[in-house]
Amino acid sequence: MSIKNDIAKRAAASLKDGDIVNLGIGIPTLVADYIPENIMVFLHSENGILGVGPTPAEGMADKNLVNAGKLPVTVEKGASFFDSASSFGMIRGGHVDVSILGVLEVDERGRVANWSVPGKSVLGVGGAMDLLEGSKKVIVTTLHTAKKGDAKIVKTLHYPITSERQVDLIITDLAVFEVDSEGLILTELSPGVKLKEVKEKTEAAFRLKEDLITRESKRGEGAE
Amino acid sequence: MSIKNDIAKRAAASLKDGDIVNLGIGIPTLVADYIPENIMVFLHSENGILGVGPTPAEGMADKNLVNAGKLPVTVEKGASFFDSASSFGMIRGGHVDVSILGVLEVDERGRVANWSVPGKSVLGVGGAMDLLEGSKKVIVTTLHTAKKGDAKIVKTLHYPITSERQVDLIITDLAVFEVDSEGLILTELSPGVKLKEVKEKTEAAFRLKEDLITRESKRGEGAE
Amino acid sequence: MKKLITPQEAVTYIKDGCRVMVGGFGLVGCPLTLVDALLDTAVKDLEIISNNLGEPGKGLGALVRQQRVRKGIGSYFTSNPEVAASYHRGELEVELLPQGTLSEAIRAGGAGIAAFYTPVGAGTEIAAGKEERVFSNQKFILQEALKADVALIKACQADELGNLIYTKSARNFNPIMATAAKIVIAEIDEMVPIGELSPEHIVTPHLFVDFLVLKEAGRT
Amino acid sequence: MKKLITPQEAVTYIKDGCRVMVGGFGLVGCPLTLVDALLDTAVKDLEIISNNLGEPGKGLGALVRQQRVRKGIGSYFTSNPEVAASYHRGELEVELLPQGTLSEAIRAGGAGIAAFYTPVGAGTEIAAGKEERVFSNQKFILQEALKADVALIKACQADELGNLIYTKSARNFNPIMATAAKIVIAEIDEMVPIGELSPEHIVTPHLFVDFLVLKEAGRT
């Protein structure tokens, strides 16, 4: 199991039965494969689907049925289609329970940059701001550091902020942080990870949860 | 044929093929019976119907299918149903071609009072303001004077104004007025009606159209 | 599975002082079983958002007659003269909105929009106390969104997840009210298995709906 | 009967300098026959409102490459790096909106709403130059409605009156763009007789639609 899958699996374990969930591009997309079997969640895609199902079998893709990443999907029984204004009404209106998003950076107040890289040939915001603003709960899934080893959990964002809203949970390959009004709280270490490593690779200040746990490496089950 | 039916018939004659038409309560409702046979119009009802058809036969009423006056209706082929916000989006957004409305009074700028009688046990505005504000064309159908003979086409409204928007056409039992930026223009007299009578029964100032006509009393055809 | 509850359980979510949206255009599309159940409680000081307030002594009109409605927000209370009478006696607060402004404010409430500028009512009594603003040489007034604690709506069919479809002109305010309250309770004629309603035809996706109640032969 | 016209006739309604809405989320639900026909004209200085601006040299991307687009208003132009390149060279004006703000502004344009307050983007670069206002202790920014001269949309079926239904996630921006332009041209896969589409299932009632064009096997 790759590092990214481990992160996705940990994120999936924090979902609850009945949750309406929106998955971003990248690691979040992988979460769909790890939904615990004893719960039922409903995947919302901002291009107008509630009830997204698995990727279609080879050759079975329907060109009119894609997710927000423009990849072919299927739908579950009980799914529905709607227009873009209705879809974002759901998001902005607080009807999506959980959004799981990738980020460029998170700051020490739990605020996110994930839409713009100044000067790069990237010109788009898509649904990133809507999802951050409107979702009842936001979970960030990300590698703990960038490719060159730079911290992604930083004191101050270097990239443009996506929303002033603080996210609720940050899940990396090394650790899990909760966020409260004062900032980040380290609640969980990944299997085999020491607190020292997390401290070294995290630029942002964070507090420790009293009962900080180290997640077991047992496969096939969620940690919550 | 009653006076009210005559007014309705004259209003129907000013409709064009393909018009989306909203009919108010009272005389406007009668217009549906006089749509010229060589044109097709589509009746919009603000409670969520496009394509309203005739009143159902005795005993055939569907309690879930009523018009804005809460009277049972049917629908034509090609009709559609929608929610109230969508319906008023159509009206306010300028997608209704013609609204035909009853009034309490019209002033000499062609502005209407038709929603409130201060002090009376009438507490409602309904769709009156939306229709006046949003319809591409507004036709007023009304008896020329009130029950006691008071003018309904007045210098200044005695009742609260419904919208600052000037209506386009005023059709009474005695006459037809067009409205331009400067005010009312008498364009047509009903069969047998003399200009003198209209002058006596109209409080508002109005100009005469150069080619003022007297409508013929021939039955079964529109005047336009 | 969406929880199917009784009308009596449903109305326990409505407490004294609650703001409640009630669907329907007159009696058409009004959740009469839920209204009846509400009448059987002692709940009072309600703020009701509904296009109409029933007829004298009937439906929501019975709540008005029993003086359990503190305020009515709607567009057309003319069909119940007791509303005007209570209002003139100072017993009932009334907020009258053009029907399009009412429906748009409810939709805005459900869609996370705080307020919007509408041209309807500008320059009239309805605009009293409201901010006026000019866009492209036309007057508009600011209308804030409407939200509620509980919405009581009426649909035709629900599947077991709570997806809803409506019937004919009984759709009216129901789909928008389904989006704009903390707790949404849908009274339905019939429950169908998941998958029975086409994804293309569902009007209210289940994420908006909290509870379902089966319609009963009613009083009102 | 709604006028069925050819793609070539359809695009004659688009003149130099026009503001044109184009439906679709990427290629899904994009009216490619109409876009192809537009490519074959010499029309220029266009202002395009569309979630994306195609891919490099493809669809709307071909219009961009030919420098016939003066301004793009949308939410996600990332999939076409040439848009960013043109923008950085100062050849193309770009207005980037959060996808929900874009879709809400189009809906507002079609529904006669001048502007609305959304919380999305408050406190970010997107809010630059926009009015900020606090409602209930939360920051909102003012977004004005979007309208267009012409909308090119894609539907699945139309009846002869112009009532439209869509298919799956190809619905996206099409129903809202159908409401927000002076001239609305719908590219359809298939025409069906009046009465074939259920009144309960029609997504875009015919009053929004001016012309119909049958889809052709396309280039892009």
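For reference, chains read A, B, C and D in written order, and residue numbers begin at 1 within each chain.
We take it that contacts are C-beta pairs under 8 Å (C-beta built on N, C-alpha and C of every residue); 3 or more make two chains touch, one makes a residue touch a chain.
Chain-to-protein mapping (UniProt): A, B = 3-oxoacid CoA-transferase B subunit; C, D = 3-oxoacid CoA-transferase A subunit.
Computed from a predicted structure; not experimentally measured.
Tell me which chains count as touching both subunit B and subunit D.
C
If I rank A-C and A-D by number of C-beta contact pairs, which comes first?
Per the contact counts, A-D leads.
Measure off the straight-line distance from the CA centroid of subunit A to the CA centroid of subunit C, and report it in whole Å.
Here the centre of subunit C sits 35 Å away from the centre of subunit A.
Hey, how far is the Cα centre of subunit A from the one of subunit B, in Å?
That pair's centroid distance is 56 Å.
For subunit C and subunit D, what's the span in angstrom between their mean Cα positions?
Those two chain centres are 33 Å apart.
As a quick test, compute the distance in whole Å between the mean CA positions of subunit A and subunit D.
29
What parts of subunit D, by residue number, touch at least two of the other chains?
104, 107, 111-113, 118-120, 166-168, 199-200
Hey, what residues on subunit A touch two or more of the other chains?
75, 81-82, 85, 88-89, 91-92, 133-134
Which chains touch, pair by pair?
Taking the chains two at a time, the touching pairs are A-C, A-D, B-C, B-D, C-D.
Tell me, which parts of subunit C touch subunit D in their complex?
104, 108, 111-120, 133, 135-136, 138, 140, 144, 165-168, 199-201
Any idea which subunit B residues touch subunit C in the complex?
Touching subunit C from subunit B are residues 45-49, 62-67, 70, 75, 81-85, 87-89, 91-92, 116, 120-130, 133-134, 160-164.
What part of subunit D is in contact with subunit A in the complex they form?
25-29, 51, 75-79, 81, 83-85, 87-88, 94, 96-104, 106-107, 118-126, 139, 166-176, 203
Residue numbers of subunit B touching subunit D in their complex, please.
20, 42, 44, 50-51, 75, 77-82, 85, 88-96, 133-134
In their complex, what parts of subunit C are in touch with subunit A?
For subunit C paired with subunit A, touching residues are 107, 109-113, 159-161, 163, 179-180, 194-195, 197, 199-200, 202, 205-208.
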